[in-house]
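Below, each structure is written out as structure tokens.
Look for chain A in each of the two complexes below; its partner is chain B in the first and chain C in the second.
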Partner chain A sequence: MAQRYDAVIIGGGHNGLTTAAYLAKAGWKTLVLEKRRILGGATTSDEIVPGYTFSVLSYVVSLLRPEIIRDLELAKHGLEILPLDGTFTPLHGDYLWRRDDHAATMREIRRWSATDADAYEEYGQLMADMARFIKPILGMVPPDPTSIDPRDWLGVLGLGRDFARLPERQQAAFLGLMTMSAADFLDQWFETEPLKATMSASGIIGTFLGVRSPGTAYVLLHHYMGEIDGAFRAWGFQKGGTGAISYAIASAARALGVEIRTEAGVSRVTLTPSGDRATGVVLESGEEIAANVVVSSADVRRTFLQFLEPGILPEDFEAQVRRFKFRGSSGKVNLALDALPTFTTNPGGTEYLRGAVSISPSLEHMERAYDDAKYGRFSRRPYVDIVFPSLVDPSVAPPGKHVMSCFVQYAPYNLAEGALDWDNQKEAFGNVVIDLVSEFAPNLKDVIVEKHVVSPLDMERDWGLTEGNIFHGELSLEQLFFSRPIPGWARYRTPIRDYWMCGSSTHPGGGIMGANGRLAALQLLKARKTKVA
Partner chain B sequence: MSSQPSASFDAIVVGGGHNGLVAGAYLAKAGLRTLVLEKRATLGGTLETRPLADGKCAPGLFHTVGRLRPSVARELGLRGHGLKLVAPEVRAFAPQPDGRAVTLWADAARTADELRAWSRADGAAWVEFDRHVRALAAFIASLNDATPPATSGGSVGDAITGLLLGRAFKKLSKDDARQLLRILPMAIADFVAESFESDPVRAAIAMRAVAFTALGSWSMGTTAALLADSAGNDGGAAGQTVYAMGGPGALADALAAAARGFGAEIRTGAEVLGVTTADGRVTGVTLASGEEIAAPIVASGLDPKRTLLGLLPPLELGPNLRWRAGNIRQPGRVARVNLGLSTLPVFPAAGEPEEASRRLRGRILVGATGIDDMERAFDASKYGRVSEALLLEATIPTLVDPSLAPDGGHVMSVIAQYVPYRLADGTWDADAREALGDRVVARLESVAPGISALVTAREVLTPVDLEAEYGLTGGHPYHQEPSLDAWFAWRPLVGHARYRMPVAGLYLVGPGAHPGGGVTGAPAQNAVKEILADRKRR
Partner chain C sequence: MTVGTAFHPRTAPLNEHLQWRTWSGFFAASAYHDSHVIEYNAIREAAALIDVSPLFKYEFRGPDAVRLVDRLIVRDATKLTPGRVFYTPWCDEHGKVLDDGTIHRLDDEDGAQVVRWTAADPQIRWLRMNAHGLDVEVRDVSESVAAVALQGPLSRAVLESATGASFADLRYFRRRRATLAGIPIDVSRTGYTGDLGYELWIPADRAVEAWDALVAAGEPYRVRPAGMLALDVVRLEAGLILIEADYTSAIHSHIPSQNYSPYEIGLGKLVDLAAGDFIGRRALVAEMAAGGPPRRLVGLNIEWPEIEALYAAQGLAPYAPPIVSRTPVPIFAGGRQVGRVTSTGWSPILKKMLGLASVGLAHARTGTRLAMEWTVEARRGTVAATVVDLPFFDPPRKRA
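And then the complex of A and B:
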């Protein structure tokens, strides 16, 4: 054994890198081990077609925690978010186009419904208020519900006190957001189908739930959380592709002294002979690395069932790990284009393609897409969220050419019995998406240079996302806060001493937030009584 | 033109359904001059024994009464007023297409024994599952007993409630306590899958979690619905099945007799048009006849939307609360079919006649063949259609109470789940109603071949009929969807979960209030405590 580290981080995704940077900042000798040849995990970019850089998996950013940007000085290390302007919902014979120009959006909604236009203003205000109220949760370490240590409960009690002070109307909205379906929640406000459908979409992204499933309203808030940071717009693209976010964090981490090794997959975590304490890791190459603390940013199933020998964990704990729900539900279709496609009914110019293009004509369209997935097949008419990053950031495609990223739901990881496996139906899946978008943009097929389809199985094999879940586990109410990932184990620790978690399976869940990585690092430093620099 | 107030009372109860009667009885018992006003000619509301065309009698909406709160029955002396309850040893029987069946018994060991035929693991899992459900349901039951805390401000009373709840929470084992917060929001499909591997076993348990709701087996919050149903009954994971002898109407009769016994006055055929107010306080009610009756307290057994938007003068609510009340969700998805039968139908999966007559005494679950099958029946209703494969909960009350068929034969009462209030194509006219009846009988035929030839009378009540007959807005038997967005301290609305409606003196005592729907008497019993506390304070 060559040298001993204070901490070894398994996984060089945005959370692993964030944890490493914070530990190094406190003076810890830290090593990050990434299995793939490039850093970033699911927060990654790759030049899959020569000249075209794809944000292969995650494609927009909104929730990256401002304290991380500040603490790690990410702007200095290349973080640059370009705005994603609005959402265009194409329809047969019409469209709905909301954008950052508030007056224009109001005019557009009024064209559909005067009531909805009035409600839209009120709704926006209420949601901004709600987001401000709920945001502290993202920075909070969940207590064990059976804990009687008042210090564990300070954050939650504060939130309870704040809740009691909210006006009744906001209390009602908050409880509705926590429990209702996105469709029911929006039905209270709006009548315009494409508006409700497009707004509801944010409630289902990455989950195995439909817009009419209770519990999907909560995610509607996320659209408003990014917005109120001031420094940030609601959603944006990272210049040069999503991977550049990871590279910025990696660069910050290196500057703080973190050592990062790629193509260094971990095969298992080493323990003391009694098996109750982690001592380091063994790489797939056989190399052993000793560390005082091992932190896994992999998802909870890999963290406990892949890196540990069977029989090490308490039986009950292991059973709970096994039943943690993944159920990936989405796929990606990345297209290299010769030129931009033209949507049949459009407001003119290419301005409307600078934001998201959402194939979400009605709530019924959305819900039926889910019905297909429930029984184990990909949606015959899916929900598709399209962006053209090259319009905003020409550096990602050759001059005059474009990249088109289609996030597609639903693509269930678990297919019905008797169905073809994903490798054999990926082609058909890609074609369904292209055919559907072509209904609204008939010249799409003429401008495609190359297509690259990512199935949930690919996500699992190539990025280590168990069952292709982009959030390291379903973001449903029963797997949040106190209960994420396991009830009683929401504080980044594990039953094995000196083995910690920092990935998206932990509170507050998935998305390019970095909050998990930061909170884990702070908890670890606190437990080790290390002063935070 | 309105006449002078004819009489004055301390309290008026609007609606003589079972919660209205419970409220009337408790108010009178506390010494208040109490008047119960019922629009219909009969009392009991949905708790009714209805005549069929062939001379037999059948239940109105609810056909079992096992969730009636024991303290209500005891404190109101219902047995003395003729109430007789019978609980068969079988709780639920779910025949399967292959001729087998899942049977859930009151006795957990017996259920476990029989489940072994489906899977050894499932048989082994039952006893622990039953214990787990009972432990969690006991916690829910203590929530149900309490008036929910206020969500704004905070008072001494709330602190005490908190303490009591904390104590109930502490009674749970550490593991149950941690698990409760995880389990409450879960979809029932996931909850049963954690313990059982056979799909029919999962489905037979899950049926109770979706009953009367517009939720599917994969919908979040359905586990909470199952626990709510298990709270306050002795059935554990098998659920309750208890009949009132003489039909559900006999319970209504006993409640009315109890109320009268305490001195309450009850008037039928008396429709309340509105609540009168002065200076932000209730002053009484106005009847359809034009009569005005004064009282400082009005307790409404109507659903919350009807109470807030129908009874109150619009100005009393204000735009914000009007908007919220207008958004109360009442998506009725249940229809009722009652059949008079010449003889007992044959369910091959129930075994030989003697054995069958024992197994058929509980709830007969048709369509509980698998979680996804249940979900498909739900899918159709989302789009305003009625599935070919409806879920049915049937009972044959005449197996335990032959008095319902005085000339012999049997009665079958069917609750059909996932029949939408609003149809995508057409309306609930006579043709649609009969087509639904045919569909239900055809569905029964799949597990009881030959049953259609036995039918001597048939009555079909669609969700629209239930609304017209029983005043259930949207046709919802629980007055408001029992989902997590209308639960505990935010049922029916945040700020109004403590039975007090926005005008002083007006209270909600029906199942739109905590702890919700079903034949329990619980919301009324809880509400009267608050009414009396307020009265003392004045």
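And then the complex of A and C:
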């Protein structure tokens, strides 16, 4: 006799697992169903080359909510985040190295431009203030703008009041952030090309936009939020690869009584005959599982168009789901190395490789990389964000060997020849990346043991990331806050009763935050309690 | 004049920002790198070398070496057989703690017992005074023996690679001789980090050679030098007390409340009142017979959201100082002060603000909620702090 669950979660990524853990903590009998053989979704590690553990997709963590770490006691379950310090931008004959030592960084920038160094100070101050202003939103359930429940509006009103209290200069900066391109915004402050280009990069990650596209300035801020989080430091690596974050959450969830099944892909969500309420799921194997609530951590397109029969959803809702922009724009090149590569011009030692190495010599480089993508080509000279996690966490490679992770943009899902042509172009894509990095680190090819390239098509096929978008949908302004994923449906509910969402397609968006999973669970618990009462 | 330790020729060039403090008259690095958090991570994730040479080290040699130990420490020293190491406090005749350290039973030599005694403060006078009538020689070897702590989950791999010997069988709080790059050394499975780790006791005149060998063997494991700031964070996570921060030595106390019995600093479980006489035993028997001392050492989980709220109240983003504070801070119950928080610091791994505190017995039970003073922008506030069990962080690899 099949058992009945209080909740079934579709997808064992970090958000699905977080939702499950919080529900189980409240006493719910909860089951997580993961399609792949390993947990984690895009928050995953795999020993693809023997002895080398790759953080196959997502590779750094900044925004994982500390309240989740505390609530679920994740440290006990193996969560150990190690800081990633600094950013090294190699150039031909020079470099720009921003590091954890503020004064040293200022001296380094002054070497390029004395006024930029002063501006850097001011800019940092302003962004910290902006981020503090906007940050409460991350931990807040987005209000329903159509709701008349005044309690929902308190948060928004609070924000409005805070905005009115900001000094005029900050109000102006805020409006600039909301409307300008990353390049234009940074041009107001700085003149040093490698500095602007490297900073602009965080405005485009996970979007199909260029550094000169309006709206990308806000994304700068979105990524800045992790950095001001006081004690929580900036970007970091998870010990053992990002997959270990998922394993830690899974371990906490199991300890709370959650049942987790892998290789258990869901084919569809079952509904009542009238089609207005979810009753459980059917697995790809045909097995039926009954549940009081079904929560999908898959992206919005899968949640509504794959797991439900066509025609169930209200027409306009379904149309909006179809319009939700994915447009994956990035790929990964993971390398197993015999030794560290040497960048031709470097400050000595290996400390400069502890942080990120950013191939972003100029704004023009960044924008030209986008030009290729606009016409369905992967960038011939892409932006590459490189990290060597083995320098901080030796456990991911054999002693003395290294792992090199290259996040590459742009790798448009929709190639001119069609997305399926990625299988033909992947090899060339990987080589373009290695060739480009080799311009700065000529011995790279000599130290590569093996390479592993992930195309946006791979992300879609192997991880269920629609169109290979790493954030379950672009982090563009019109797809954030109370418009994420669908205007009016930003509160983790769906038009189908007892069918909920908790993945990165929901507020507050992608990245290894877990906030989506936590907020969804809290909303769901609140809703059910209200109903019981 | 402050001098360098035996490792100074190697550690000095590594200290990128010339961040030194003094420790018993020696230069000790506060941090070597841009941030001590890098070193903290080396201790918790890879391996780190910490120069602990400034510890005071004494050698007892003679047929009564163990009897002298037994006379001094609160534990049953007759169990201190060759190869074993005890962590213990020792007391004055009033049962008040003078110091705490590790006592190592070395291998017997020419039929004589040999003991290595480590201490934070100079002890030679106390040790010799109490050796009266015993057949034992007490020597100060502080300067002739250099000491480096090799700590972290990969410390065993580094040690095995450096010595070519297996250390899988050297259990927690055991020691044995080893050879490192041709240098005879002593290795103890001890440390002040609460992690897997070893302390290496090395002839001072060969310290530099030993350092080089460890660094060479440690390179593939990303071994790093670590300073006192990182050490302070890990020892707090491990719930390990620090003299002159979490308690005052009876040598330095001026008033009765500055005197601590072992029961007041979390070391009561080490006291073996049944195992023969030791200095301070009679006082401790009397103290326990009277119901035990009125205060206890406890671990505190200081509620971070409340700290955030104090910052938010002033329109500021929350800030957790990355360095452990040793400034004592009052702690309250029902508006009345019931003790003091003696070490306070942020645990990067637990994402919690931790404290060690000395509180009244009535408030020492696990789960008790207290209110601790917390100052933001020189404005006083209080935040909730819950009494929790120690250690805060206790990975299985520590003993594995």
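As a convention for this text, the second predicted complex is superposed on the first by the 521 of 533 C-alpha atoms of A that agree within 3 Å, B and C clash if a C-alpha of one lies under 4 Å from a C-alpha of the other, contacts with A are read in each partner's own complex, and residues count from 1 in each chain.
Here, a residue touches a chain if its C-beta (ideal position, glycine included) is under 8 Å from a C-beta of that chain, and two chains touch if they have at least 3 such contacts.
Computed from a prediction, not measured in an experiment: that's the story for all the values here.
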* Asked: When the two structures are laid over each other on chain A, do chain B and chain C clash or fit?
  -> fit
* Asked: Which holds for A:Glu364: it touches chain B only (first), chain C only (second), both, or neither?
  -> first
* To do: Would you sort A:Gly488 into first (chain B), second (chain C), both or neither based on which partner it touches?
  => first
* Asked: What is the contact status of A:Asp101 with respect to chain B (first) and chain C (second): first, second, both, or neither?
  -> second
* First (chain B), second (chain C), both or neither: which does A:Pro83 touch? -> second
* Asked: Which holds for A:Arg212: it touches chain B only (first), chain C only (second), both, or neither?
  -> first
* To do: Name the contact category of A:Arg254: first (chain B only), second (chain C only), both, or neither.
  => neither
* Asked: Considering only C-alpha centres, what angle arises at chain A between the directions to chain B and chain C, nearest 10 degrees?
  -> 130
* Now for A:Glu168: first (chain B), second (chain C), both, or neither, which partner does it touch? -> first
* To do: Report, in whole Å, the shortest distance between any C-alpha atom of chain B and any C-alpha atom of chain C after the two complexes are superposed.
  => 17
* Asked: On chain A, what residues does chain B touch that chain C touches as well?
  -> none
* Flag every residue of chain B that touches chain A in the complex, lowest number first. => 151-154, 174-175, 177-179, 181-186, 190, 194, 215, 218-221, 320, 324, 327, 329, 372, 375-376, 379, 382-383, 483-485, 487, 490, 493-495
* **In the complex, chain C residues that touch chain A** => 17, 33-35, 37-38, 41, 44-46, 153-154, 157, 219-222, 304-305, 317-320, 322, 346, 348-352, 393
* Enumerate the contact residues on chain A facing chain C in the complex. => 66-67, 69-70, 75, 80-83, 85, 99-101, 104, 128, 131-132, 228-233, 239, 351, 354, 391-395, 399-400
* Residues of chain A touching chain B in the complex -> 144-146, 163-166, 168-169, 171-172, 175-176, 178-180, 184, 187-188, 209, 212-215, 316, 323, 325, 364, 367, 371, 374-375, 476-479, 482-483, 487-488
